[in-house]
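As written, the chain order gives the labels A, B, C, D, E and F, with residue 1 at the start of each chain.
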Amino acid sequence: MSNSYGIMESIKRKKISELLKYDKRLDGRGLMDFRKIKIETGMIGTAAGSALVSLGNTKVMTGIKVETGTPFTDKPKSGVLTTNVELTPLASPNFEAGPPREKAIEMARVVDRGIREAKAIDLSKLCIDPGKLVFIVYVDIYVLNHDGNLFDAFALSAISALLNAKMKKYTVKKNGELKYGKGYIKLPVQNYPVEISIGKLDGKMIVDPSLEEEAVVDGLITIAIGKKGEICAMQKRKTGVFSVEDILLAITIAQKKAKEIRENILGELIAKNKKA
Amino acid sequence: MSNSYGIMESIKRKKISELLKYDKRLDGRGLMDFRKIKIETGMIGTAAGSALVSLGNTKVMTGIKVETGTPFTDKPKSGVLTTNVELTPLASPNFEAGPPREKAIEMARVVDRGIREAKAIDLSKLCIDPGKLVFIVYVDIYVLNHDGNLFDAFALSAISALLNAKMKKYTVKKNGELKYGKGYIKLPVQNYPVEISIGKLDGKMIVDPSLEEEAVVDGLITIAIGKKGEICAMQKRKTGVFSVEDILLAITIAQKKAKEIRENILGELIAKNKKA
Amino acid sequence: MSNSYGIMESIKRKKISELLKYDKRLDGRGLMDFRKIKIETGMIGTAAGSALVSLGNTKVMTGIKVETGTPFTDKPKSGVLTTNVELTPLASPNFEAGPPREKAIEMARVVDRGIREAKAIDLSKLCIDPGKLVFIVYVDIYVLNHDGNLFDAFALSAISALLNAKMKKYTVKKNGELKYGKGYIKLPVQNYPVEISIGKLDGKMIVDPSLEEEAVVDGLITIAIGKKGEICAMQKRKTGVFSVEDILLAITIAQKKAKEIRENILGELIAKNKKA
Amino acid sequence: MSNKKITKLLKKNGLRLDNRKFDELRSIKMEIGVLEKANGSAYIEWGKNKIIAAIYGPREVHPRRLSLTDKALVRCRYHMTPFSTDERKRPAPSRREVELSKVIATAVEPIIFTEFYPRTVIDIFIEVLESDGGTRCAALTVTSLALADAGIPLKDLVAACAAGKIDGKIVLDMNGIEDQLGEADLPIAITPRNKEITLLQMDGTFTKEEFKKALNLAIEGCEKIYDIQKEALRKEYIIVKEETEKIEEE
Amino acid sequence: MSNKKITKLLKKNGLRLDNRKFDELRSIKMEIGVLEKANGSAYIEWGKNKIIAAIYGPREVHPRRLSLTDKALVRCRYHMTPFSTDERKRPAPSRREVELSKVIATAVEPIIFTEFYPRTVIDIFIEVLESDGGTRCAALTVTSLALADAGIPLKDLVAACAAGKIDGKIVLDMNGIEDQLGEADLPIAITPRNKEITLLQMDGTFTKEEFKKALNLAIEGCEKIYDIQKEALRKEYIIVKEETEKIEEE
Amino acid sequence: MSNKKITKLLKKNGLRLDNRKFDELRSIKMEIGVLEKANGSAYIEWGKNKIIAAIYGPREVHPRRLSLTDKALVRCRYHMTPFSTDERKRPAPSRREVELSKVIATAVEPIIFTEFYPRTVIDIFIEVLESDGGTRCAALTVTSLALADAGIPLKDLVAACAAGKIDGKIVLDMNGIEDQLGEADLPIAITPRNKEITLLQMDGTFTKEEFKKALNLAIEGCEKIYDIQKEALRKEYIIVKEETEKIEEE
């Protein structure tokens, strides 16, 4: 049996709340500051693309595999995107080995929607033989160290790995047969969604909540923003409620932070991907 | 840990047993009386056929889907019938979410045998391309409120939904390809099995045992009867024993009750199905 | 909660250890003596091959089935060998029903490696249509009574059942189609690996440890030996450690015992298989 | 969301394929207390959606380690019957069903006085009998009626409704085909008295302006839903009252 | 049950394909105490069926919440090895195996003095090594011997046998091909002393007259089975007695 | 192990495809303390293999019935990410992963003073990020560093390395293609101080002489691995020391 708010959390909540009055946070950040973001890509030779993202002490790795398979019956000319999240037991004393549960499934689906709705990958270019054979892009996301805000780290590692990914050059014969050539091409990435999670506590908004903050904020919302500032996906999480004004403010924040991250952090990867 | 006979059940048993001496039952019914049966059909637009059956407070819904698939290797020219029972957690405080357990599997198989052995559906008419493509008829049975005698309610909702079911008109080209036309045809239903469950307590037989009666009867047997009075399936349940005479008496009862239900309750549905 | 060494085991360990000083064992055997081995074959009519092996009171049965299926993509011209071990709840109060766990999987994989690495079956002869259709040989091993040294009993029953196995005569048409003829042929068995498990306690080595001995030995190693004395597979088990000399001694023992068993126990089966 | 055939979602007269106006709800019917064994239950027909919700609890938690010492656990199972969709759905819960179960439990918890029932669980079981777009809003709406029927003390109701974008136009309460071919979907839920948002999900693409418009439209939708909820409760209350009086008279 | 080839099940001389008469059992062999670790065990060869049964218990129940305060739980696992059927059966239990497990436990419980062992479980493990029609009757028959071997106090034995209909004729103890192509199958089990029926299943089609005939024939079959059971127990008893005497002499 | 293309594993100059000599290890890099949440962690790059290991514990055992009254339980989960292999691996554990988990736990337990922590569990979680032959040795090697990092009292380290046979020649530390096309593989692990073997598996075919040669070569490999392990620990120790001093100075 456990208390939904432990004593330690109650104390922390008080402290976090106290600091927020003065627009301060436990780790010294401003309300609108992300922790330090670091992205490495391409370290996994067996993956089509890979990225290791650090968000402060949160560490997640995404690997891309591209394989062939059958399309969905209702989208015969479209490649398939599959996103999977594993909350590995390495990353937290609270994660258990085993098949993905509620939490991991929600995360995978929100990251997936950000990518899918932004049309980050042009799936129409991944069709080989309509109705019969298409490319399947597997986005496998693994958390290595969980120190809060997995949603944003997952989304960032996913888009980074996709930008990094390459696949074998190929041609399709008249009979629909696939033939691989020499050399590689990039995956057809055409949008760069960034997810921003915003916490609300005592009426104040903060971005990139740490593990401790995540535990005590009332409201939590994740917003995926595309390259033109468009909103691609949203997910209110936790039981805390929002007003309409809260939501609109959160969107403004998300658009600003997403732009910063896209330009400052993803810029180089995007440029590289375009050049290729 | 639980007692196989709780105190409440002991008291109820006594009461039920006491009443039975005078050929009476807790809810005022006669020994050979079913609770009120109500059947609605066709309410589910996404289903090929559907039926909601009330048996007193027991409420079950069956939906039929017809899809294409491969036949069994030992019956290449025969369509496939698949019966599934879900004891949904809505229906009883004792049902848990999760994959079907022992109980649900037994129920599904007994209902399935009733339909199958009566040849209720002419499966030979559901072959498209022998050995390659046939129609699969899915009978999905959901209990919404469990107040006893699920077997009979399940069987009744299954045959009602099958009688209600229609499938798209189709033609098969010479090369075995399936082509759908306009309009609908009925499923080839040719027999109307009715399952009757009979409980035995202190030597007395009762039909349609309620939840409370089910818990206390010694013996319990379910008998499926076809349109000509033929016996299509039987299943003795619970640990209580029967004599040969008991069994023969139970059959007589089942034949009588099945005929009544077929004529009085299913009559209209059968007529409609035949006309179509 | 359980003790890794129960009191009974501590007492037994003392006794076993005491006896070992005088090169004696609880059941009177010498250190290098196997319990009585008995092999019956061919008793299961539905199996392509079958063997019931007794090793003292340890009793295991293996059945072979040969079916057709698709080859692995990296070995398109090779038949498939599949080994499965079931620790049935009949065999021991400690075995539970359910899908194979760690223990059963390790056993299956070690037996599989012995057969596979010795090239006991010439899988290249089990190809029907390269890349499309091959024979799959299922080796299903069931323990009926567990009195120790399952590894050796499993391996012995597996090779015996393979030696006993026959498959329908067949021809392959030019278009790759399979056609069965009349009569049977033997499976292409070409090596006869024997697995020998050796326990180490207080510096002494024993073969064929009984259930009681298995529980108390420090070190345990299983070695598969092919017909020419070659080593085909090894698996150190339990946490006890070995020196290089221990290992080399164990191999010498395994080679000697494997030869004895192959000649004395399997001899007849091998001869029969060759003749056919 | 595919753009294919998207021109078809609005007719020349500006109406939608089912002749609704942009801000028009589908026809909705709610019924309370439809099941006997459950502690509370309700049924909703929302367009072609047909959904039943049952409440069990507050009751003992199994497995016990999930129970909370300071409040009730709110647990939800949203499930679609195999015959509720165009192609037969396998009975085992899909990843979508797992997510929606979580999201619904989260959205309904704020209205429950969970602190009244520490160490217990309130189980919400939802069965979708037929689906045609917008099942999560319908499920959430009917769930709050079922909670009321269960006699669980509530701070407010939860009313849910989606707005979205089809053919570039912001519309209310999209049906299945609109959902599938439309450009954006924004299901929300509010507590009608305080206008607090307890559920908000979005997919597709919106500019901020479009989003704002859609959000306001969805809130209007929720308010209409709330009226229907109240009416259903009133009706049920009257029936119950009448029955009680009848019993008292006897 | 397909009608295909059905004319073949009876030969011109009226005998069945395996030359049995209509009321003739296949050859049957029973052996008691074949496993060492189990508390009780027995083996049966019934035609080509080869089945082994083991009993563990009365012993502690896991998980404990399944235990009953007033009697022993009787639990059964009927399982077919992958090599026991014509096509390889997957090792995971099929729906048929799950049903038969339940049915067998239910049919054997009436003969056990379960009230002697509250809060415990009696586990029945059945492994079908080869099958050829009628495995449930064979399994149930051998289970009651294994229970006796386990020293569990029994009120009676359970003897099981099926009757059925092939080519329109009522016959005893159908084998695999008869089962597959025949028109009806009626497996039953009785407690031979009181002639109480503890198992009865049926599928196919019977008129009431046919059923009556089949039921009586099946009961006759059970009685023959009972004789073989008794013989097996007597043999075992003598061996045990002899061994005991031998030990006592030493 | 297929013989196909086997002539290709050694070049004319006697070197291996990656230009290593027969007794040469791939390049190896170890790092200690790479994760924050785990009680101990380490990372290894061994050729192209990239593996991370984390230790949690000693901590409470769930489910509790697995706990031991006289020592800590040592439990391991060896897992490969889907992107760590040439063809995508399904996330669910394969039979190979289940076996390796068991084998690694067994091989590392001898160095742990498990008797210091009765009724607890030491959980070892291994994630293979990229694989190229020899992952079990690399995993075991990095695990013993992670255990050290967790501050768990150890009797010694475990150093692991494989030897094998390619083109008939005994070689050290085979990579993926050598492993796949070679004739034999002998992964072992030793406690370097006492040269005790804690892991030994073998598949392929060896004569006894070949085996002896391979075993000795593998032990030499383990000793080299041990040197790298010590170096990694020394480096980490110095860093920790420096940081501690820095903190003390502040």
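Here, contacts are C-beta pairs under 8 Å (C-beta built on N, C-alpha and C of every residue); 3 or more make two chains touch, one makes a residue touch a chain.
Keep in mind the model is a prediction, meaning the values are calculated, not measured.
Considering every other chain in turn, none proves to be in contact with both subunit C and subunit E. Minimum number of contact steps separating subunit C from subunit F: 1.
Of all the chains, the one whose CA centre sits at the greatest distance from that of subunit F is B.
For subunit C, the chain with the farthest CA centroid is D. Per-chain Cα centroids separate subunit C from subunit D by 58 Å. For the pair subunit E and subunit F, the distance between mean C-alpha positions equals 52 Å.
Inter-chain spacing, taken between the CA centroids of subunit B and subunit C, is 48 Å. Within subunit D, the positions touching two or more other chains are listed as 87.
Residues of subunit B in contact with two or more other chains: none. The ring of touching chains, read from subunit C in the direction of subunit F, comes out as C, F, A, D, B, E. Interface of subunit C with subunit E (complex): residues 43-48, 50, 57, 59, 61, 63-65, 67, 84, 86, 88-93, 97, 99, 138, 140, 142, 144-147. The part of subunit B that touches subunit E in the complex is made up of residues 1-5, 75, 78, 102-103, 105-106, 108-109, 113, 116-118, 221, 226, 229-244, 246-248, 251-252, 255. On subunit E, the positions that touch subunit B within their shared complex are 1-2, 64-65, 67-71, 95-96, 98-99, 101-103, 106-107, 109-110, 119, 186, 191, 194-208, 211-212, 215-216, 219. Subunit F meets subunit A in the complex at residues 35-38, 41, 48, 50, 52-54, 56, 59, 77, 79, 81-88, 91-92, 123, 125, 127, 129-132.
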